[in-house]
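Shared chain: chain A. Partners: chain B in the first complex, chain C in the second.
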Partner chain A sequence: MVLWAVALSVFRESIRDRVFYNLLLFAVLLVGAAVLIGQMTAGQDLKIIKDLGLAATSFFGLFIAVFVGVGLVWKEVERRSVYSLLAKPVGRPELVLGKYVGLALTLLVNVLVMAVVLYLLLAFMQFSSPESVRAGWEAPAADPALLKAFLLIYVQLLLVTAIALFFSTFAGPMVSMALTFGFYVIGHFNADLKHFDAVVTSTPLAWLLRALYYLLPNLAPFDITAKVVHGQLVPAGYLLMTIGYAAIYIAVLLTAASFIFSRRDLK
Partner chain B sequence: MTARRGGRPLVFGLVLAALVASFVFVEIWRDRVYGEPAPGDSVLYIRSGDALGRMSLSFTPLVADIYWIRAVQYFGGARLSALPTRRYDLLYPLLDITTSLDPRFNIAYRFGSIFLAESYPGGAGRPDLAIALLDKGFRANPARWQYVQDIGFVYYWWMNDYRRAGEWFNKAADVPGAPWWLRSLAAVTLAQGGDRQSSRRLWQALRETADNDWLRSSASLRLAQLNALDAIDQLTAVVAGFRARTGQIPTSWDALVRARMLSSRPVDPAGAPYVLDPASGAVTLGADSPLNPLPVGTQVDRPAR
Partner chain C sequence: MHAIATENLTKDYALGFWRKRPYRALDSLTLHVEPGEIFGFLGPNGAGKTTTLKLLLQLVFPTSGRAEILGRPVGDAGVRRRIGYLPENPYFYDHLTAVELLDYFGRLFHLSSADRAARVPRLLDQVGLGAERRLPLRRFSKGMLQRVGLAQAIVNEPEVVFLDEPMSGLDPIGRRMVRELMLGLREGGTTVFFSSHILADAEAVCSRVAILAGGRLVASGRLADLLAFGVKGWEVVVDHVDDGVVDRVRPLADRMTRIAERRYALELSPEVRPERVLADLAAIGASVVSLNPLRDTLEDYFMRRVSEDGHQRQVEA
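On to the complex of A and B.
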């Protein structure tokens, strides 16, 4: 219950901070793009609107996860409001987890609304396009398979939020932000680490890089936009394993964050 | 107090509008006096699709879309340019990057096959690059027999190499899931390569397998051009008949209508009137016809060997 109360307060704060203004921007961006790109893309407007919708969901979500995530704990410490919070029957791990759940809820609402806006636009395209145009589509406009991409985008955002929260338990916002973005970038490159043995001659170094491949978050598998947009099958087993990987990684980060914050001297 | 508070936003808005109008006015004035700045040439700073793919993190499909839009705009801009020195240098790199970022970007391969191969100035005049792009597409999507068919098509239409075209149509027919008629298309091409009838079959095949309106209308245009070539042959025969009968070249279509050799003034498949040269008797498309320029080197039908 305490955890839930903290989570709801984070959610309410995000509404007060006008975090959801990005939804309006998203809707304008998509509708504007739908009107404009039909003239510029030689019949590829459906693909591009799907790509744009999914990329914008990921992009806006990433910024919320990082910018809000790094301030979750730091703000409470900086404002000294953490003392009044901890004076109540709230344990430090509960505070950390509550903050995380609150931001996860904010991101969930964000992703859900974006999915609804995109589906409405795609349903309109499906309805208004002649049969000859629809026959050339690789997948239907309002394809239910897009939900798989939304799901993995959301799970990836949960992972990024956990990274941001982890850093915010011991570092300031600028350092946390830089580290979180750094991990996000590395997360899309780290497949290279596994194959560095073809480049480096030192065996220990090759092993170290291989170990980093397994230790650092691997974010590339969360990106299934191209497959979904082209109507390719994404097996349920793949989704489950990717979500399972994220769940375990998030659990590790939140445990570590709770541990560090529990031992932190707040005086 | 209330009036003052209500008035402030209005004053603020008016001042803002006046300032915006001022800088727009200054810009218009400057452009009139010193001329508008010329748009810069298109530049491709990064030519490696792989490097761009790495840099775009999880936004690769969107970056592929951006490069696709650039390719379409670049081609459209070059094609519509009135400059005699118009260039298509960046068309292949743009399409290559697009397809490296998104190897399943079907339209980019097929668009490339048409406009890279099309002879200059309508296209880049680079059938070799069109083939390279289609070959890349087939390697990335081995089930796409359409790319192999398009390679055959480039050999046929733009390189007039009917033997190799027939070989590629046969290769396309070998791809699992390819339609049965590719085999007969290959046979016809090898036997009668280059005649108008086989060209017609080829464009019909392309129109039927087109998976978007743009490719379909491109094939329809070519079919209309072939019909126009047929009509020009028939009209030339009518003019020759008139000349044989009267010893004179007809001065206009009306002369042929009056002689009951034509029922009305002839128009091409796009609805534009054909032009009759009264000096030579040659029949051509009207200058305003959207079917211009007609393909060259397309022979009339000839019997199968």
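On to the complex of A and C.
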């Protein structure tokens, strides 16, 4: 299958470009932090490690999604490798989707390995902590609920990748990068836009802000770290809703990206 | 059915950022290429050759006109399976080796892994990269990339192959390899459409050519018809012409030029029978080093047509 062949080539490029070296940094950072924090705090270290592990997964993933994502299509065009590729039986939408799936695969491996590293560390903490300390924990150390947080982090990364890829079909990497990071930041404060009509008096401005609220991605719901770390329940319905939202948003972005790229003159 | 056909194919590019000005890169190109021929698409840089190729491969879209390959519109997905393309100054993925690149492209044509395993090394041997097959492409020179480019253009055993400046960046041995490759493809029934501004290469392999200048077709047809292939005269190089006999040799030629001690180049008019001159020279005691017909070369023709076209444009303006 053509799409899959394109995706695998992106994955292979990630490996050759040493993208996965970030995993090493992640592991060192996490283990180092665990040792340090374990010496400074009592009882709180578990929460901090969970927080740190999830935040680092999100952060490292974000950098891969943006830095690799903005180059996916742009690099092919800029280096002209796209000419020989598109002369083959590869449709332009197939190229765009294949690139997307390839990076999604890279991110999946990245997030999975990080999850494994964090769980190993947490299992070690569970094993090495005395009963008295364990009794004070809000949630068990190797809590399966953490997987929910990892899942939503991954889905959020998929969304960010789609944004980066969308921009890269018509803009250069610096512009795409700035826009994607911009979307990411706004996405986390998006909910504020909805209630701006209570603050601004001008009706058109309120309408504009409301329109932006619906147009821009809302990324806040993807961050359930605090809930999971504190042992609060995240219902399956919430997960499904959030994933559904991401799926629709990604589908729209990829359709738009394919549409734009399919009409571009590759001069 | 033509292998390649274009009807009034036209491409305008927009130049400028705010105030877009149209720039006509290709102007009403109508061209037919027959199956199984090597067709040379000639013209100076900026003539519109690459634009035409990109239009045929749908890398850019025409402003007007249409193009067909193997009787089907260029956008047809089925057509892509049956064609190959070498872009100008090709560039591929740095992180892959030549084998991996061809394997990847073979996959895109749904070649089985057994087919790929058999075909890829053979192709790399054919383009002279057998020894470098496991080297990452980032280490490849321009000429080596050109060779990989040629191999990937024929990985699917295409019926029509488009080569944009296939000889560029190659040394004389490489150029000969490309010529042999093109002739081999034609033997196998493949139509070869190649662009070049290097006319000697075209002359060596093409059955028909088209000449493009300033986005317009200025001539097309069989090489023999386009060029005055009739002999324009003869050049004889003679040696051992002693000073005493120079005056006896001079009347035999239209022009006589001294090359070195006792060695001269003689230009004969086309009406003269060279055999008689050779006999006369032998009688005088001079020895003949070479005899060559003087012909109109593609280069001459090319320069003439391009300047005629430029002149015509000036008149029109």
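Just so we're on the same page, the second predicted complex is superposed on the first by the 266 of 267 C-alpha atoms of A that agree within 3 Å, B and C clash if a C-alpha of one lies under 4 Å from a C-alpha of the other, contacts with A are read in each partner's own complex, and residues count from 1 in each chain.
Following the convention adopted for this analysis, contacts are C-beta pairs under 8 Å (C-beta built on N, C-alpha and C of every residue); 3 or more make two chains touch, one makes a residue touch a chain.
The structure displayed is predicted, hence computed values, not measured ones.
Peer 1: Report clash or fit for the pair chain B and chain C bound to chain A in the combined superposed model.
Peer 2: fit
Peer 1: Contact-wise, after the overlay, does A:His230 reach chain B, chain C, both or neither (first, second, both, neither)?
Peer 2: first
Peer 1: Between the C-alpha centres of chain B and chain C, what angle is opened at the C-alpha centre of chain A, expressed to the nearest 10°?
Peer 2: So the angle at the centre of chain A is 150 degrees.
Peer 1: Touching A:Trp207 in the superposition: chain B (first), chain C (second), both, neither?
Peer 2: In the superposed model, A:Trp207 contacts neither chain B nor chain C.
Peer 1: Would you check which partner chain A:Glu138 touches, where first means chain B only, second means chain C only, and both and neither mean what they say?
Peer 2: first
Peer 1: Once the shared chain is lined up, is A:Gln44 touching chain B (first), chain C (second), both, or neither of them?
Peer 2: A:Gln44: touches chain B, not chain C.
Peer 1: Just checking: does A:Leu86 make contact with chain B only, chain C only, both, or neither of them? Give me first, second, both or neither.
Peer 2: second
Peer 1: In the superposition described above, what is the shortest C-alpha distance between chain B and chain C in Å? Please give a whole number.
Peer 2: 21
Peer 1: Which bits of chain A are touching chain B when the two form their complex?
Peer 2: Result: residues 37, 40-44, 47-48, 51-52, 54-55, 58-59, 132-133, 135-136, 138, 156, 184-185, 188-189, 219-220, 222-223, 225-226, 229-230, 232 of chain A touch chain B.
Peer 1: Which residues of chain A touch chain C once you look at their complex with the stated criterion?
Peer 2: Chain A residues touching chain C: 2, 5, 9, 12-13, 16-17, 79-91, 263, 265-267.
Peer 1: Going by the contact rule set out above, which residues of chain B touch chain A in the complex?
Peer 2: Chain B residues touching chain A: 54, 57-62, 64-65, 68-69, 72-73, 102, 104, 106-107, 111, 210-214, 216.
Peer 1: Help me check something: in the complex, which residues belonging to chain C touch chain A?
Peer 2: Listed in rising order, the residues of chain C that touch chain A are 13, 54, 57-61, 77, 80-81, 83-87, 89-93, 95-96, 100, 104-105, 107-109, 149, 152-153, 156, 162.
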